[in-house]
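One structure is given below, encoded as structure tokens.
The first chain written gets the first letter, and so on, giving A, B, C and D; residue counts start at 1 in each chain.
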Amino acid sequence: MAGNSFGNLFRISTFGESHGVGIGVVIDGCPPNIVFDEVFLQHELSRRRPGQSNIVTQRKEADEVTVLSGVFNGHTTGTPIALLIYNQNQRSGDYDHNVQTYRPSHADFTYDQKYGIRDYRGGGRSSARETAARVAAGAVAKMLLAQHNISITAYVSQVGNLRLEQHYSQLDFANIEQNPVRCPDPIMAQKMEDLIREVRKQGDTIGGVVTAVITGVPAGLGEPVFDKLHAQLGKAMLSINAVKGFEYGSGFDGVHLRGSEHNDLFYFDEHLQRIATRTNHSGGIQGGISNGMDIYFKVAFKPVATIMQPQETVDSAGNAAIITGKGRHDPCVLPRAVPIVEAMAALVIADFWLMR
Amino acid sequence: MAGNSFGNLFRISTFGESHGVGIGVVIDGCPPNIVFDEVFLQHELSRRRPGQSNIVTQRKEADEVTVLSGVFNGHTTGTPIALLIYNQNQRSGDYDHNVQTYRPSHADFTYDQKYGIRDYRGGGRSSARETAARVAAGAVAKMLLAQHNISITAYVSQVGNLRLEQHYSQLDFANIEQNPVRCPDPIMAQKMEDLIREVRKQGDTIGGVVTAVITGVPAGLGEPVFDKLHAQLGKAMLSINAVKGFEYGSGFDGVHLRGSEHNDLFYFDEHLQRIATRTNHSGGIQGGISNGMDIYFKVAFKPVATIMQPQETVDSAGNAAIITGKGRHDPCVLPRAVPIVEAMAALVIADFWLMR
Amino acid sequence: MAGNSFGNLFRISTFGESHGVGIGVVIDGCPPNIVFDEVFLQHELSRRRPGQSNIVTQRKEADEVTVLSGVFNGHTTGTPIALLIYNQNQRSGDYDHNVQTYRPSHADFTYDQKYGIRDYRGGGRSSARETAARVAAGAVAKMLLAQHNISITAYVSQVGNLRLEQHYSQLDFANIEQNPVRCPDPIMAQKMEDLIREVRKQGDTIGGVVTAVITGVPAGLGEPVFDKLHAQLGKAMLSINAVKGFEYGSGFDGVHLRGSEHNDLFYFDEHLQRIATRTNHSGGIQGGISNGMDIYFKVAFKPVATIMQPQETVDSAGNAAIITGKGRHDPCVLPRAVPIVEAMAALVIADFWLMR
Amino acid sequence: MAGNSFGNLFRISTFGESHGVGIGVVIDGCPPNIVFDEVFLQHELSRRRPGQSNIVTQRKEADEVTVLSGVFNGHTTGTPIALLIYNQNQRSGDYDHNVQTYRPSHADFTYDQKYGIRDYRGGGRSSARETAARVAAGAVAKMLLAQHNISITAYVSQVGNLRLEQHYSQLDFANIEQNPVRCPDPIMAQKMEDLIREVRKQGDTIGGVVTAVITGVPAGLGEPVFDKLHAQLGKAMLSINAVKGFEYGSGFDGVHLRGSEHNDLFYFDEHLQRIATRTNHSGGIQGGISNGMDIYFKVAFKPVATIMQPQETVDSAGNAAIITGKGRHDPCVLPRAVPIVEAMAALVIADFWLMR
């Protein structure tokens, strides 16, 4: 128990369930005197909220945030920042069919096994709604990092079999927010959008990959041997609903290279006036510590478990049952996962930043 | 700083450098009255130690462990268990060439940047020698888990392009320790061994993948929303030297499936007399909590950075230099990574076991 | 930074400032299926709130609590319980005189030094208003402990020089809530009340001692060698505003006894059918672990810093200034400190209970 | 479980039992490039070790420390510093009489209740021998603090009824190490020594008070609202064997003052060129944060439980028994407690120093 906090020096504790009163977060350890940009905070939440385009879930949530504490005269004070987002849909009526029946590949069964009680209203705490609190906290972390010119950008690089093959440096990140998929390649974005529409028509869902790039991180962040920078990033990403895998730098593909190919040779960069590496298979991290190069990683998301097709399952007594999703059909979480990945990355970097 | 502890209730703190006096671990939170099997502990260490076969590094380390505390009359007492492994090779002479020069894709540069001081004796704390302490601690965790019939088995499933395609259930785990590669398929094991020998001849190195399976974990382990079982497993694996990626269950391949294919349908298993799932794309974990099915995951290792070929690099002043590995050539860490992966998995499961 | 959480398995994170939007707490790790008694929760808050009698501060705060999460169908769910108390007085006008001037023995100066920013509205985060969140969280801890017949009772045992000399076992705890001082001896309570009134007339303040007794704790709680039961209790008490000292069992008076007098002799109690001690100088804790006897301790509170008399001080530029308290005069915090002491004790015991 | 670590950023984990192989500590988070003074480290241990004078226990322990890791070329490296002290007396023969019988006011009974196993060799983990590891770690913390001109001095201010009435500023600290009691007043020291000798003759023991003063701490250390500087100091002191009480600044005596007397008035100190307070009832801490004035506190120690007189007790089956201490008679722990109090204070300050 007590697994709802993340980070050490920049530490968040989240709370709230789908269909409860609201969700929120307490941020403890944010330094004082950071300009607190509520417009930016609200904007980040709008990137995650349902209903923002017609390829994501149409559930209505305005996700307006209230700042309860920690901000005074437009600046952080160094005391805990509490953020609250009221739920608009607090009715539990929609979910009566789930009271007894376990939805396949949801957390209904495991929560019931663990807690001996189950909040059947839209998944309760296990709902992806919980990630709104992460995005809110991540926005504050971004405010801190922006002061130090650290920037985090994520995008959808794969949906089903549609995979963007270009290296991130070949892409124009300005395109990311120009299409509902959040893929920086307009042509691929259109293909992905078409695929998602097709999947939606079938009442089915589809997964994919989010790629993220962090620039501006100085050398020296990360705490070996267990709290390595990429280990903490990996944990952060894997803690997001529906994530099945994480890799950084060369990742799983790196196993195809020999050491002589994979090693990143050092040189003195005259332009940067510092030591750099010619390649970056290391993904900006060596020995668990940032080396000043770009940090990049990929996160794999499985297809959403709620589908609009009938599925076999059991109820809590073990009796066979049939369940069909209704209401909120989210054919592909990938577009909305982009700000969540960014938020978790921002939280990790902010935490290590304060430890440096 | 202070990143050398792992776990919460079953908590380890490791110490020690390559070529220092020794390495070791303090285990805090191990329950009392566990039969303490020193023979098993030593055996686990022998699976990790250098020189155990002719395809791994030939550096000589006996890795004999001394139990300093926490064990009385052959049982754990509930007080901290301190384990110490003296280093046999404490000479730093072999490493003089590294004093000024950064080895490519090692942690020399980042440690220097972070700490402003560098232990140039074989990598110091960043050396993979540190993992011996993990294996020792993991052996104790295994003693605890064995009492509850929880079992962890890892094996090499890929070396370079040689990839074992069978599902783990189709393999005979009894074969794993029968060959120096630790691959359960004897034919593939031979191919992998041949490949590693070839790579070694070239003075080069090669990476691969370790697959692990955990059986016997009851439903209910894991602490959402941040300390999900797989998130903690992922962090544990990513904290191991040379690891570049982690995936569990369907992993990165899961993105190719639709929700209707990926969902694990529940049924009541008459034989087990409990609810189970027909498939296990979830990898035994749903919503971050174990569901009683097998837990399985994959870990990607990059090729070892130390190669016996000359490479371009710089010294700490930024001057161009050439460096060539000498001494301990470890063409492939995969065989020795197997017990390390098992150890870290055991630590994670033991920790969640105590939290249940 | 990040010092606003307390506990490990029963973990709270508090937030909020005096005169901000509100204050609150996130409780992470409360077990599921505890009957959640909102009436009791509100009652505990009413014991702490200002204005409850005419010997405490007359500031008006209703302290009505809103349950934001973690409770479903009248029971805890095992997920985070977030509680929010809106502030009624959010005006900062009353505090304009403090903007530049440091109130003696308040935290104005140290917050300014630490954070470089100061929330001058009634002390901001350093205000005793923060303790309302502790009482709310403690009420939930009490709900848990009540299920296991663990009971915590505190009372005022000293105000200024008026000191209750009886041992706690000679007192009738039913009297505690019968007088505004919360002293179980009616005659002494009247004397204390008179003294507080006199001090109030002088625009001055007075300190005292709260004694607490915990019954029903089984042997075995506490985690040596650092997280000893009394060490954690001590930290909990010392974290309360205005506390200057903590002692348990024989405390500071124990130094007057010889070992032969102080030692608590063991005997087998035929009535209880278990081993007990004839005396209890140990205060129910030996070696940092509860021994099954009553746990008791004392907490010293200094006089409140805000007085209605002019005092010399300086402003933030170091210029001499005169400051006189106005508005909320709280001549003695002791009566209101009673529920706070109980709450912090409940949080400590609940945490160790879950660790047992 | 897992209560053997202390601190967050300067974090120690201790291990070892009386009569086991040895005791030790892992220090994680010590900054790099601190000059590591082994002579000083050994000297600090010699102040704590048994047999240093004829008024403390005569048990023979050389307490020679081995540095296992974290130090290279005479400096800390930023990696974990492991320190090991072998026990000279590993025989358990002396303690056979304790196997079945619970020593009064020792931890025998509670350890047995908690762990279901008991290390009867001299108290095992509950032995005060454990504090040697604290002193070793504290010596390293002192090395760090010395670089920043922070100094910690403790002394014996009371033994039984003999109480030093002078304020610490009236004492000559140079006298502390000039007598076996560690009392800075030579006349009082002699009286205390005489009293301890008398108590020893009776086979009895006596308690007392250690006072400590920390100078040079800048304003701003401490992490409200729970990790207040004095709360963490209190926990640190209360975690030491035999401690029954802690107070800082005015402490329990502060309850006799009115607010108008207790408040520390601010003024601008022309000599120091900074804001200071005219009195220091606050003990250098306001709102849980250091204010730049001296920090001072008192720690109460009960008389040692082991006495050379027969005492009634029970065995583990509850049968009545008589026990008489033999071997190591330590009539008064106070002189040896002085370096332990200093060590724990150093650990607390070092931790907050790194957080600032």
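The definition used in the following text is that a residue touches a chain if its C-beta (ideal position, glycine included) is under 8 Å from a C-beta of that chain, and two chains touch if they have at least 3 such contacts.
Bear in mind that the values here come from a model prediction, so they are computed numbers and not experimental data.
Contact with both subunit B and subunit C is made by A, D. Compared with subunit C, the chain whose C-alpha mean position is the greatest distance off is B. Once the centre of each chain is set as its mean CA position, subunit C and subunit D turn out to be 27 Å apart. Our note on geometry: subunit A versus subunit D, Cα centroid distance of 46 Å, whole angstroms.
With centres defined as mean CA coordinates, subunit D is found 39 Å away from subunit B. Counting partner chains per residue, subunit D has residues 1-5, 8-9, 14, 79, 114, 125, 355 touching two or more of them.
Here subunit B touches subunit D in the complex through residues 1-5, 8-11, 13-17, 20-24, 26, 28-33, 66-70, 72, 75, 77-82, 84, 114-117, 119, 121, 124-125, 354, going by the rule given at the top.
In the complex of the two chains, the subunit C residues touching subunit D come out as 1-6, 14, 102, 104-107, 109-111, 113-114, 125-126, 130, 158-161, 199, 202, 204-209, 219-220, 222-228, 230-232, 234-236, 238-239, 241, 244-252, 254-260, 262-268, 274-275, 277, 281-283, 285-292, 300-307, 309, 311-314, 318-320, 355.
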